[in-house]
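Lettered A, B, C, D, E and F in written order, each chain numbered from 1.
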Amino acid sequence: MRIHLINPNTTSGMTETIRNAGVTIAAADTRITASQPISGPVSIEGHFDEAISAVGVLDEILRLDQETDQPDAYVLACFGDPGLLAAREATRAPVIGIAEAAFHMATLISTRFSVVTTLGRTVIIAEHLLDQYGFRHHCRRVRAAEIPVLDLEDDSDRALEKIIEEGIRARDEDGIGAIVLGCGGMANLTDTISREVGLPVVEGVTAAVKLAEALVGLKLATSKVGDLAFPRPKPFTGHYAHLSDLDLNRRNS
Amino acid sequence: MRIHLINPNTTSGMTETIRNAGVTIAAADTRITASQPISGPVSIEGHFDEAISAVGVLDEILRLDQETDQPDAYVLACFGDPGLLAAREATRAPVIGIAEAAFHMATLISTRFSVVTTLGRTVIIAEHLLDQYGFRHHCRRVRAAEIPVLDLEDDSDRALEKIIEEGIRARDEDGIGAIVLGCGGMANLTDTISREVGLPVVEGVTAAVKLAEALVGLKLATSKVGDLAFPRPKPFTGHYAHLSDLDLNRRNS
Amino acid sequence: MRIHLINPNTTSGMTETIRNAGVTIAAADTRITASQPISGPVSIEGHFDEAISAVGVLDEILRLDQETDQPDAYVLACFGDPGLLAAREATRAPVIGIAEAAFHMATLISTRFSVVTTLGRTVIIAEHLLDQYGFRHHCRRVRAAEIPVLDLEDDSDRALEKIIEEGIRARDEDGIGAIVLGCGGMANLTDTISREVGLPVVEGVTAAVKLAEALVGLKLATSKVGDLAFPRPKPFTGHYAHLSDLDLNRRNS
Amino acid sequence: MRIHLINPNTTSGMTETIRNAGVTIAAADTRITASQPISGPVSIEGHFDEAISAVGVLDEILRLDQETDQPDAYVLACFGDPGLLAAREATRAPVIGIAEAAFHMATLISTRFSVVTTLGRTVIIAEHLLDQYGFRHHCRRVRAAEIPVLDLEDDSDRALEKIIEEGIRARDEDGIGAIVLGCGGMANLTDTISREVGLPVVEGVTAAVKLAEALVGLKLATSKVGDLAFPRPKPFTGHYAHLSDLDLNRRNS
Amino acid sequence: MRIHLINPNTTSGMTETIRNAGVTIAAADTRITASQPISGPVSIEGHFDEAISAVGVLDEILRLDQETDQPDAYVLACFGDPGLLAAREATRAPVIGIAEAAFHMATLISTRFSVVTTLGRTVIIAEHLLDQYGFRHHCRRVRAAEIPVLDLEDDSDRALEKIIEEGIRARDEDGIGAIVLGCGGMANLTDTISREVGLPVVEGVTAAVKLAEALVGLKLATSKVGDLAFPRPKPFTGHYAHLSDLDLNRRNS
Amino acid sequence: MRIHLINPNTTSGMTETIRNAGVTIAAADTRITASQPISGPVSIEGHFDEAISAVGVLDEILRLDQETDQPDAYVLACFGDPGLLAAREATRAPVIGIAEAAFHMATLISTRFSVVTTLGRTVIIAEHLLDQYGFRHHCRRVRAAEIPVLDLEDDSDRALEKIIEEGIRARDEDGIGAIVLGCGGMANLTDTISREVGLPVVEGVTAAVKLAEALVGLKLATSKVGDLAFPRPKPFTGHYAHLSDLDLNRRNS
């Protein structure tokens, strides 16, 4: 089984963090690969960055789906799950976002959780996802540690400290049983944060890898009946001319 | 006052339909301009098309915001409101999606409405927007006339007929007071449909133009405090390298 | 185009504040008129005052709809939108409440807002409206500055000060992008509050005037199909005998 | 114990129907009285009728609360619960609407119910109440038998027949355990409908009388802390001048 | 009329508290009886205790329903309403949970209430019930006084003090009109708490008794159409073999 | 890794069906064991059966958790997830219900699904779970094939036929991308149904096994902070005396 992790931003160091998290957690017979788009923002810290990165995600999926050993499942390793439904249209393979993965898992081990994410301006993104996925009431609060995403790479000790501080506030004030980490770049911090905060900590990259393994094991693929069917073939212009008349239905049959 | 209509798909005929609808409805002192992205799909009929088109929308806004007589407001003239929040981050000017515009207006003249859109696979997009905007319970049903978007251009008589048929079913079965048209390409059909169905019909392009005029008149611009603040400047790679270190905060001050 | 503003309370000074706000914001070719009911409370600060004022609102609409240059739209200039649906039954013209107007506009320029209203006992009225209109989750919190409505007239400096203080608390604690002013009597304070608080401020009277202009421009009138159809003619007794066998359907045809 | 039933419309025949229903159901030591407002519509079939009737309801409560043997509780015997919160402000006695009473009782004997009301245009009123009271999801469907309210008086056999037909459709199509009757004028039909439809039938007047007895027995009165406190005394003008400076707090102490 | 109160835990002292509350509040012609299961936990402080106690509740109902003067209604006197829907399946008599009873009554005298319960770990139980019953938004907050249930028996002065303290915090911070007591063991404390806190206090045992009287008076019994019909007869094994082929439909006909 | 499947009913044939489904789907290094309670109903077809079976589930968990090679995770293999939260209190191991498992998985491969369950009277159970888990709006409809649970064993051809018929109706009428099977006894029918209906079919037992593997792989256990902490030790009486002073906290440390 091959699971491919797409880091939707273009920072290769973060791709490595994510790949390592995936490799560590994967089953013995799961092969983890990882990549980032060629084009896009170095970090995703708002709706604008998300919109750009979604196209990079789609490019990666279309490219990888043509490899001879095409992935059996994809993980979108950014907590906003950018382009998730579009990605599901583009491939028959299951596609899991790390935000959804973490939310799902958190509801299985606790009745209420809080999220600790990076910047305050991304809180709304997590709130919108909680609404869309149905977990609004399972989440007591989305909290921001107020650290820029790349500080997870560049100033990791200080970043860790601030996440732990916010996690402790969540534990003491929110009446929760678990914490969800709100950034793919935190994938290597799970154990430390859990130990320091004293609560189970659900991290999305690892959660998504295991959910992807589960779906593949179940032989459940993205439904190609209805709104997640392959995109209708049609002309595209300009930069996207290569997508013209892309008949994924035929290509994947 | 200048309001710029962005047709998120790349079919210039549809841009003309939209422009004409805007020109017809605009106040005497409002100048309507319209454009479509250089790059993108010729029609938007699913999540995948939407994700691609969102980038084209952002490109247009960034380009137009640098014109000397930059628009006072933008309208996104595709019923999925692709890239709406990202667009709001990118500019200080108000940005109105035609789905949200139509929904807002419909709730002001009726207690319950139904949507008539193009293809069944886009129903979910309208449902997600109704949820996000808060109008789930004001909408009785999202109905599809099962016409491809470009049939509105290429087979317009048959398309009109099917929309009217679906509108009549909505009137007779849904217990509604108004109908919302679910595609920017229907902007020229409003009067006919309303007359044939016998219900008020709310069309998004025209609704959005008037909402944009209203916001500009109120001197209300997109809030730059919080999650709609200009994107944080940062490197972008590849195709999007031109977005690197884009300090919209400074550029717009 | 004529838009008539109904101040649902009977304080003529407040009618003037509202008229001035309307005149200032209206388009060049919009004529603003304003009135208050002959009968009713001098201020509206609870469910009881609202119920009484709703009848005054209806009286005004029935009276004005018989003028030869009958209004093209009505604005109900009290933040509880008293009698809104009844008013929509009574006339073909669009009727806009200032609470709904402000909520709609606030969602177009921010993802989350808070309301600053007058007395704590009216908070529930705003909350019920947020629920009914669908904006519960767009509003972080309804806050009261704890000023009686008429203090906006009689002790305006102190009232302004308290509103600004509450607005600053909202800005600092609520994670919002905009503030909605929760009383028609605050219509002249918008600019000052926005400047002092440092957030966009949405005020209902002005918002409603622009929405009314928008609907009239769109030729969208209250749907007369379904539950907003003209009231069924029937006998009324006592004070309301003049409403007996009122066939608005015929009168307006 | 005295429970006073207010028929919010001015048709005395319906007041008698309601009174009889109340007398029949009341406990041995409960005295039932009933009245209708002097002023108002002869039937309530929409938002407009409701708004007018709400004032009549308040007049009755203010009048009755000054009697030496003032009622221990009030029942508002119209299915739209017109003026309910205003009525609660106006008195310390519990006030129960028949719609809320029926909804509450129906949830205690079934997991899902449907409503059978009079005219289609009043469906929205019931839906709004279900939302406000929290019972949206307990109600499968609000159905209209399409009978004008006064036909319950004037053409009662035909009206009964249509209600039973609609009730049978509800039983067969909705997956429900009980039916709620959606009009105070149906108070004498409960047993017949239940027998013919073969489901428990919850009728609001009788339900409200028993809830009122329950609250009085519990010594629970309308909370005078917060938004249901007595209205703030203030001047009223015109027809309502008699309400000026009404200090209910003092009058009731 | 006989109403039987089932204390779902096995502490007879608490059964006495509950019986006394019931006797005090019951109408003159209502006979109150009370019992506790033979088997089960001495207090209910979590999901585990609840699951065990539910079976004891069912045993009691099956036993009592065979008495010659079988109860006309049952009250489940634990704030988690353990086994409520199962109990409704098991008998034709109405079954009222004290949590639902208290919530229903609180919404009739206030627009917003808070709950004061025993231990923090039971907060989630009350929240789940508020969701299921539809009262999520009528309740501002579920608060725990952090007292073990049996302290209400064994250390009652200290327990009362802590409940009052929490009630005062609710009054001052939550913007509420009433308080709901979140444990059947508080049934004797209502008056004191109400007096000390200065708010109406709704207690579930008493509320449920009056609701039960109301339903019996209305001749409304649990619907035997649909999902609350008597359980399908079938074999049971082991401890529950006595339930085998129990045809309650026949036994109760 | 050992995952133990608890069939909450006492029909050993169904336990075998479930075990086989688990064994077939489990990873190579996962050991599947299965059992049913000694005491309880032979099938679970309503709230009553559920309440009884929950205790059997808890007995099994307490028993198995004392084995030397105690299970790493539990699956509750009845679609009502009976006793789920109580079970989570009772053990540190993850506990997965098959309804929640199926719902979670279905949302990962489709935007909308329908459920096909056994008897109409169990529809409400699935609806309540959808509400509690947050998936109400992801599920278009819960449908019953109207087959008693044990017909899956005893009349399996006819049962399969009816499930397929209902699945085809769901596919044609509901606008869905996937079907969820609503009974643990259908675990061996997944492939046939999917092939005949032409939609992905999510079955709970298999889904739960894979989710359990995922959680164990993630080292995520039920949170013992908050409301899922081990039950407070206390006396139990009668049949449950063996639970007295059960200090699971100590036993599991």
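Basically, a residue touches a chain if its C-beta (ideal position, glycine included) is under 8 Å from a C-beta of that chain, and two chains touch if they have at least 3 such contacts.
Source: prediction; values computed, not measured.
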| item | value |
| --- | --- |
| Comparison of B-D and E-F by number of C-beta pairs in contact, larger one | E-F |
| Approximate Å spacing (C-alpha centroids) for the pair chain C, chain E | 44 |
| Centre-to-centre distance between chain C and chain B (centres being mean Cα positions), rounded to whole Å | 27 |
| Overlap residues in chain C, where contacts from two or more other chains coincide | 85, 88, 111-112, 120, 123-124, 131, 137, 175, 226-228 |
| Chain-level touch network, classified as line, ring, star, complete or other | other |
| Chains grouped in pairs wherever the two touch, ordered by label | A-B, A-C, A-E, A-F, B-C, B-D, B-F, C-D, C-E, D-E, D-F, E-F |
| Complex interface listing, chain A residues touching chain B | 10, 37-43, 45-52, 54-56, 58, 83, 85-86, 88-90, 120-125, 128, 131-132, 148, 226-229, 231-232, 234-241, 243 |
| Footprint of chain B on chain F - complex, ascending | 111-112, 137, 175 |
| Chain D to chain B touching residues, read off their complex | 120, 123-124, 131, 136 |
| In the complex with chain C, residue positions of chain B that touch it | 25, 27-29, 85, 88, 94, 96, 100, 104-105, 107-112, 133-138, 171, 175-178, 198-200, 202, 206-207, 210-211, 213-215, 217-218, 220-223, 225-228 |
